[in-house]
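After this come two complexes, each holding chain A, first together with chain B and then together with chain C.
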Partner chain A sequence: MQNIEQELRRFVVDNFLFGQANGHLSNSDSFLDKGIIDSTGVLELVVFLEETYRIKIQDRELVPDNLDSINNLVRFLERKRQLTA
Partner chain B sequence: MCGIAGILNFNEKRADPVLLARMAERIRHRGPDDFGIYTDKQMGLAHTRLSIIDLGAGQQPMHNEDKSLSITFNGEIFNYLELRRDLVRKGHKFRTRSDTEVILRLYEEKGEECVQDLNGQWAFAIWDSKRERLFLSRDRLGVRPLFYTVAEGAFVFGSEIKSIFALPNISREIDPVALDQIFTFWVSISPRTIFKNILELPPGHSLTVHRKQVAAQQYWHLDYAEGSKNVGNAAAHEEQYVGELLDLLIDATRIRLRSDVPVGAYVSGGLDSSLVTALAKKFCNSPLKTFSITFDDAEFDESSYQNEVIHFLETDHQEVRCSYEDISHVFPAVIWHTEKPILRTAPAPLYILSGLVQEHGYKVVLTGEGADEMFGGYDIFKEAKIRRFCAAHPQSTTRPLLFRRLYPYQQYLQGQSDAYLRAFFQVWPDELKSDFFSHLPRWELTSKLKLFFSEEIKSQVRSHDGYADLRSTLPPSYSVWDGFCQAQYLETAHLLPGYILSSQGDRVAMAHSVEGRFPFLDYRVVEFAAGIPPHLKMKVLNEKYLLKRCADGLVPPSTRNRPKQPYRAPDGKSFFQGSQLEYVDALLSADRIQQDGLFDSLAVKSLVQKFRQGRAIGVRDNMALIGILSTQLVVEQFVRNCGGKPFYAEHRAGTAPVCR
Partner chain C sequence: MQVEEFLELSAERSPKKTALVCRDRRLTYQEIEIQCNRLAHSLVAEGVQRGARVAIYLENSVEAVLSIFAVLKAGAVFLVVNPTTKVDKLAYILNNCRAVALITDIRKLAGLESRRQQLPHLKSIFVAGMNSTSLRDSNARLVSLDNTLSRADLSNLPPLKKCIDIDLAALIYTSGSTGNPKGVMLTHLNIVSAATSITTYLENVPDDIILSVLPLSFDYGLYQVLMAFKIGGTVILERSFTYPYAVIEKLVQEKVTGFPLVPTISAILLQLELKKYDFSSLRYVTNTAAALPTQHIRQLRKVFPHVKLYSMYGLTECKRVSYLPPDQIDLRPTSVGRGMPNEEVYIVDDNGRRVDPGVIGELVVRGSNVMKGYWELPEETDKFLRRGDLPGEKVLYTGDLFRMDEEGFLYFVGRKDDIIKCRGEKVSPREIEDVLYSLDGIAEAAVLGVPDGLLGQAIRAIITLREGARLTQRDIQRHCSQHLEDFMVPKFVEFRDSLPKTSSGKISKRELAIPAGAQK
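Up next is the complex of A and B:
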């Protein structure tokens, strides 16, 4: 899980913050509240998750509860893996 | 239409005609037909002329009989015939048929109050040698530009900043506060410009210079008191509004056809330009000449709507097709003309379009600019309305469904789940109380681009509060206006002059010696529109409702009923097609970014990488790229080099864009 968390963090920092996080992004920070993600950002995130973790994300799963922080993402991926396991 | 410039030395030194000629040369594109310089002791005036009215006479600078008054004027006074008639009645004798002389005589008659009588678009300077007083004025809405500075013991002004920079010893430095404002509001707050110590005369202002004292005064401002008073007034007589507005629009168009050269029109395919074209047609004996842009990229192309309009109105039509490459190709030239950073490429196709107009021998076009601001056309007005509606009942699950009605052209937004849509448009507790409620989402989104600022710029603007700057410019009664009117004010007072009428208007049109005329910006129309109750501008969620009523029968029904599509052009993608562009590589390279010191080189590299990989699709990434690239072009063309020959002239690959 440690690995996944780091991968996700790197993706968010590189892709949405262009390396400018300066240690200000915690695992529980909401991407929406911090203004990190916009409507295309959600799509970019989904493409990354699907390609990196070889999962298929359903439309009904595109909600902040699953995608809006590093913690939420880790939990979401964990659930997806259990489902496919 | 023309270019103006001038120098007023504060000492007794005579104004130098060589310097005046150099200033005029820089803005020759604004007026290639004629050229004039006048010096009177310490005052020097310059003028480059695009002949439109009284082609034979009307040279400038123009004087009264005893040469105690001299004027250099850029623009048009559309009610000059009526003003002339009144002045003749009062005994004034005219030597020309020009509107320039009308201003001069009106100044003799009324002094600085003369501007109240003018209906038009202007920037002018009058030198009153007896009183040793220089008087400058700019039109109410900021159609025509006017910049000035005080440097080296002189007051210097010009239609464009590049003419001021033609003088030696004028500092050319980026103002971090202006950069911060542009990366928030899309514009710097007038009188501030992107360059330190270079100011613009704000719209609706005059300025006097007398013995080293420079004083600007506002002579007109937008007032939404009446519109706010009429909020929800069920008795407001809709039919009467429609009738009066249509009469005004007809007259505003009629006087904008006054010209000694033929007048054409832009057709975008939308309601506003179609209505203007339809009204202009009423006064033309032969088919009206119209011009439009089409796009290779179907996402931006409106040619099917344009075709309906030109067939319906039977115009003599020309169009130019715009590709991604065309945009990247002309972009450096566009920034040479805008003289400021921009966050969208939308001015580039308009630069190409004015080239088409010039190619066909036209100097004047009517356009539909201003209607969205005056009559409530923009999605930002609708967004604010829906967000307020939702905030009133935060528990409602049906109200947020209305967010689907916003920005229908943004496919990624439309694809979102209800939960995300609600989240994107949610109203924060403090927002409802804010007098900037309508615009906070836009400004907050744009402010995210500041993460690209270098540490140095970040530290320089850290203590700066852009909202406080803006608040200090608001009229005293703003706080009691209706929210819809406040949103209209913010669009009209800032984005309209600072971007729409300048970067997307005057500059890219005048780059090819083309003058735009805007019936919706006739001050009578603007004042009338300000008094219309907001519920008649946007009826529930039907934007520009009252204007659509006016357009009934005049434009094709499909034009009237189509959803509003704002004019947009392909942004970042334009710069990453096919082979790499030399100027993009050079200006965005880590070395160059570090040398110029405005942005963080690693962040920029990462952004460019994202574009090269085709992964940058969002609004924010696109605004960031265009903002950074245009800022780097401003630095390159004005700060690093400001020779007579612009950077783009050397970096032009191949020929100019082809008009197909």
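Up next is the complex of A and C:
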């Protein structure tokens, strides 16, 4: 999980923060509240998750509870993997 | 009539009706009226006078809506600043209009801390999410917004009216060709006129339920709330279109009848799986900010066959210019229609003479929706507001090139200046170039818009580096994201050894705009 968390963090920091403020993003920070991500960003994030973790994300899963922080993403991926395992 | 009366009259007519739904909160007209009155009294008590400027720096929220009407009730002028605006630009705007009060939240206040000493005009800051009632530090007084809204000792009735309808109601800051934002001055009459014309052609009724994901800092977003309150309808205010399916579900759940789009949103919308949703309540969809690609129009017509689709065009300086009646959209998909009710539009040549149908010229707008001018920029104002036909009359020269067909339908051709429209927002290349030049290592920079299916236009920066400088695309985007609103960060960064120049030695944007493949 440590690994996944770091991968996710790297993706978010690289793509949405252009590499800045790594230290300032805590795992529970809401991407929405921090103004990190917009609708185009969500689509990019979904493509990244699907390709990197070989999962299929359903439309109804595109909600803040699943995607809006590093912690939410880690939990979401865990659940998805249990389902496919 | 004054803009705050949109709320006051609806609150009188239908006090118990739901006026605003925002996340998990639902407020009636009466609840909004009472809280706005309290905040208005509190603003007056803080020394906010008739005509003073009050800035609102909040996400789309109940508090932002309450603040707009409270400022008007206090007889003051509101300006909504985009919540992604960085602190340098916010400080510029606050000082430019000498705002005496700011309404924001605790998180944004923390971000502003470094600048607090440099805002000499600011006397009070109303803070959402702050517990203590009020604090006085060395600078402005901090007042809890939450406590103010619930203070039972403040009158529930509106303060005495001090304004007339040619007083200013709002400033909307927009990109200027000089790089600094300029404040579009709108009177009560301007806003009431535009809102009346628009709600007339949209055939709005009190049963309308309008869902808006557009920021209130953007006039298109602001008017969704103003117009919903004017007609006594309901507005569902979302913070953004970040989670499209959540918005679509809300749209269905709340039986929304009106859904305003910009091309970016329609592009995302059309990528979604929408078949299973019941959109039978939806009556109309609007688009403005940038032309909707014909392809989108066709697809939208397929997804929402029963829905009236309005293709519209406008600029902040007069709010809206034209709309295409929905029954014309299949016939002339590339037209943005005719002037709206109670407004005249025509096209002139370089000498200000009206041209014949089919001839390209500058679009001119005449009507009581046309702004008063740019805040404290008389020369800039004179460029856009010029003499009309009647003695002493001013009409708006839009800077947009258009042609009109025999039946009076308008077709957009291009801009006279190089303003980019990205995600529906106006972007000044100069503002981005200024930020680029402030980065060590950049020798030359040019910014232009390139067509983009999702964004309308995407921002492309072309750069030459100083010798020995090592900057990557990411370095440049990071620097921009620290100094500019999100939508202004270049999507593409291109490095070149040199930039093409005109004979006078300026960077030739015309040559840069030619696609690489087409260059000789």
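Definition applied: the second predicted complex is superposed on the first by the 84 of 85 C-alpha atoms of A that agree within 3 Å, B and C clash if a C-alpha of one lies under 4 Å from a C-alpha of the other, contacts with A are read in each partner's own complex, and residues count from 1 in each chain.
Throughout what follows, a residue touches a chain if its C-beta (ideal position, glycine included) is under 8 Å from a C-beta of that chain, and two chains touch if they have at least 3 such contacts.
Bear in mind the structure is a predicted one, so any value in this text is a computation, not a measurement.
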{"item": "Partner chain(s) touched by A:78 [first = chain B, second = chain C, both, neither]", "value": "neither"}
{"item": "Touching partner for A:44 - first (chain B), second (chain C), both, neither", "value": "first"}
{"item": "Residues of chain A at both interfaces, chain B in one complex, chain C in the other", "value": "14, 17-20, 32, 35, 38-43, 59-60, 62-64"}
{"item": "Chain A partner contacts - residues on chain B that touch it in the complex", "value": "410, 412-413, 415-417, 419-420, 423-424, 444-445, 448, 451-452, 600, 602-604, 606-607, 610, 615, 617-621"}
{"item": "In the complex, chain A residues that touch chain B", "value": "14-15, 17-20, 32, 35, 38-44, 59-60, 62-65, 68"}
{"item": "In the complex, chain C residues that touch chain A", "value": "83-84, 107, 239-246, 264-265, 268, 271-273, 454-455, 474-475, 477-478, 481-482, 486, 489"}
{"item": "In the complex, chain A residues that touch chain C", "value": "14, 17-20, 32-33, 35, 37-43, 59-60, 62-64, 67"}
